[in-house]
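Just so it is clear, A, B, C and D label the chains in written order, and each chain counts residues from 1 on its own.
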Amino acid sequence: MLDRDAKRVLIGKRIAQELKDGDYVNLGIGLPVEVANHIPEGIRVFFQSENGILGAGPAPLPGQEDPDLINAGGGAITAIPGASYFDSFISFSLIRGGHINMTVLGALQVDAQGNIANWSIPGKLVPGIGGAMDLVVGARQVVAAMEHTDKDGNPKILEACTLPLTGAGVVTLIVTDMAVIRVTPAGLSLCEVASWTNVDDVVASTGARLLIDGPVGTFS
Amino acid sequence: MLDRDAKRVLIGKRIAQELKDGDYVNLGIGLPVEVANHIPEGIRVFFQSENGILGAGPAPLPGQEDPDLINAGGGAITAIPGASYFDSFISFSLIRGGHINMTVLGALQVDAQGNIANWSIPGKLVPGIGGAMDLVVGARQVVAAMEHTDKDGNPKILEACTLPLTGAGVVTLIVTDMAVIRVTPAGLSLCEVASWTNVDDVVASTGARLLIDGPVGTFS
Amino acid sequence: MAKIISGREAAALVAPGSRLMVSGFLACGAPSWLIDCLVEAGIKDLHLIAISTDYDDRGIGRLITARAVKSCQVSHIGTNKTTQAQYKNQELEIEFVPQGILMERIRCHGAGLGGLFSPVGVGTPVAEGKETLTENGRTYILERPISADVALIKARKADTLGNLVYSKMARNSNPIMAMGAPITIVEVDEIVEPGQIDPEEVVTPGALVQYLVRKGA
Amino acid sequence: MAKIISGREAAALVAPGSRLMVSGFLACGAPSWLIDCLVEAGIKDLHLIAISTDYDDRGIGRLITARAVKSCQVSHIGTNKTTQAQYKNQELEIEFVPQGILMERIRCHGAGLGGLFSPVGVGTPVAEGKETLTENGRTYILERPISADVALIKARKADTLGNLVYSKMARNSNPIMAMGAPITIVEVDEIVEPGQIDPEEVVTPGALVQYLVRKGA
């Protein structure tokens, strides 16, 4: 087993390899922001934050925070040369209009139909929707970045989500600390397994049928 | 009878008296632009041109035209201090959202229901709609500025328009070279008659019933 | 054309029980001084329209903490424990609106439209009870305009005609909420004369602004 | 991220018979150089989407005069006698779209929406055959998205990432048409390095721009 930080790095690093030169990317709060730390050399990627920037840069040095430059989680950011600011209306127009190549989001559950649930546990936690529902229908690729199981070891990848959905049939790729899984019309296709585990463990930890229709690679 | 220029001045001057301090006004091409020459002293009025300015100023001096500053008719304009430029999407949002106090438009026909026709004579002239359809539903007051009859002396104010409509039930005031007529739920109310003519002539030149529910004033 | 008033006068324009739009994203670009004046005036029973309820002690959250709000349309409450508690205790009614669609619905009103067909939230609780349109195999749901009685927004600078410019990402919901109500009150850091803002730089034209309040005044 | 190409290369991206959006209002803010290149390339059978057809010899009118257009969606043809003649002779099909609604319909596509309810043209020929919605006694008609294969627009300045600024009222339909097609080609007077345009001044973000052409190149 990996510790929390190691899992985070493993997931972020793997997702970063999906990026192409010139991509516009929106990273959800929490785990997804790790992706920004692993952009492959030689490519340029532009980060959007839905509150109104294209070209978000890394966190400023301590003491140099600008209260008018924050990411969607409220954290201080910077702007790269060539950034642009715009209002939330334009920002979500870019998102829904298919002008953002990839969004990476955390998830409470994902399922074999590409459904994702990440905004509400009825009777418990209801932080709300934020921009997630717009992002999952708008971005060209929707990547679920998540731990493979919950803290009790129960699967979070299911045949069908049981929590209220954030989006239906929207997830294109699932990257966890154990596996890389593509959502295909036929179901969930197991593409890679993390080098610290194996196919049998991944299958045992997954609540949905996994298709193995080619050689399964490894990642680390 | 007045000549064409005198009619134009008469109409423009009378409409200008409807303006209030701080009004945002959109003037159609042709006759309506005359209104700008008669703004009552002591009030400030802001002209919008739907192609993207609030705070349009008068025509520039010859030789000082800027090709990037034109009104909706393509004529050179200037920008007053405090003007703003915006795209056509925002411009028409302001119009339809009720943020423009008055639009003044020419008309081929208007009728007792406040219908207006000014974009097409089937089989003959079809210049098109431009921004007129947006303007007549959006502006808080819609003023038809027109000669009372056509060049053959036929009424242009009718019980019901016969030409394709620009807007249905939208005109609030009709100002011609002969009369000032308000559109009310009960029908067309004759408010004022030009000093060069009289009530009988106005009634005879009008193709719709005119209500006279108070003293009829004069204007010149 | 805008009238310059004080924060206290601004608060008096907000009636108890009215529908109130307040701008900002996690307190960035929120009209903090106007919020303070509202809290001080003790106005209650508001229906709030906002992106989120910010933090317990900062931004819009101060209205929640002061129990000024009885119902709201927001996209997110995850950063405000007081909102979550009031929601759980059923002291506060909440309609969750996806953030981009909240902007669309406000702008829909501001631009005089009757509704729009949105692909957002199809197959989720957001779609419940809404009419649908299917086109090229894609389903859309009908979203209706949202308006308020008063909108409170924040700009960096205004001229006396009400033309506004913002500061970086503090722009967020401000230009849209400026279209959301017949009365838009803008908290600004600075008021200048007409002509001192380049017409090219104006983001919100003065026609959308009724009142200006200097921060702290 | 934008690629810098020549006008000739830009013309080669427009296939005969394709749907083409061209910006500008009475030739102000129109991509004249790109239009020249298109005319020279002799591309025919276009479906044109534009505010108007400008003048016979200036702006979009040059495409009409060159008989490059077989059908169009425009708001106005009153300034172009050639368009009027081709329309009368039934050489040119025209759908008249109210100017503001043309902008709404293009942006509707660009923002991923399925349609909108418009109050414009109710009771006129524009409303014929369209679904309606009645709300608070007001009737709205359903307007559908408009998109193109290629959009040709004009900006004053771009950086190499495709961020755009315009010149005064030459902005008009440009920022909206930038959202109207998967391929947006921008004619610019000047191309600068990233960082040379203040992020606050960018009107169209680079994510909407695929190609840049220097005027005359």
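The definition used in the following text is that contacts are C-beta pairs under 8 Å (C-beta built on N, C-alpha and C of every residue); 3 or more make two chains touch, one makes a residue touch a chain.
Every value quoted in this text rests on a predicted model; they were computed, and no experiment measured them.
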{"item": "Chain pair showing more contacts of the two, A-C and A-D", "value": "A-C"}
{"item": "Most distant chain from chain A by Cα centroid", "value": "B"}
{"item": "Distance between chain centroids, defined by C-alpha means - chain A, chain C (Å)", "value": "29"}
{"item": "Chain B and chain C: spacing of chain centres that average the CA atoms, whole Å", "value": "35"}
{"item": "Centroid spacing, where centroids are CA-atom means, of chain A and chain B in whole angstrom", "value": "55"}
{"item": "Chain C, residues touching no fewer than two other chains", "value": "104, 107, 111-113, 119, 168, 199-200"}
{"item": "Per-residue overlap in chain A, given as positions that touch at least 2 other chains", "value": "53, 79, 85-86, 92-93, 95-96, 137-138"}
{"item": "Interchain contacts (touch definition) - all pairs", "value": "A-C, A-D, B-C, B-D, C-D"}
{"item": "Interfacial residue positions of chain D with respect to chain A in the complex", "value": "1, 107, 109-113, 159-161, 163, 179, 193-195, 197, 199-200, 202, 205-208"}
{"item": "Residues on chain C engaged by chain D in the complex (per definition of touch)", "value": "104, 108, 111-119, 133, 135, 138, 140, 144, 165, 168, 199-201"}
{"item": "Sites on chain A touched by chain D in the complex", "value": "21-22, 24, 44, 46, 48, 53-55, 79-86, 90, 92-100, 137-138"}
{"item": "Residues of chain D defined as touching chain B within the complex", "value": "25-26, 28-29, 51-52, 74-79, 84, 87, 94, 96-101, 103-104, 107, 119-126, 167-176, 203"}
{"item": "Touching residues on chain B, where the partner in the complex is chain D", "value": "49-53, 66-70, 74, 79, 85-89, 91-93, 95-96, 115, 119, 126-134, 137-138, 164-169"}
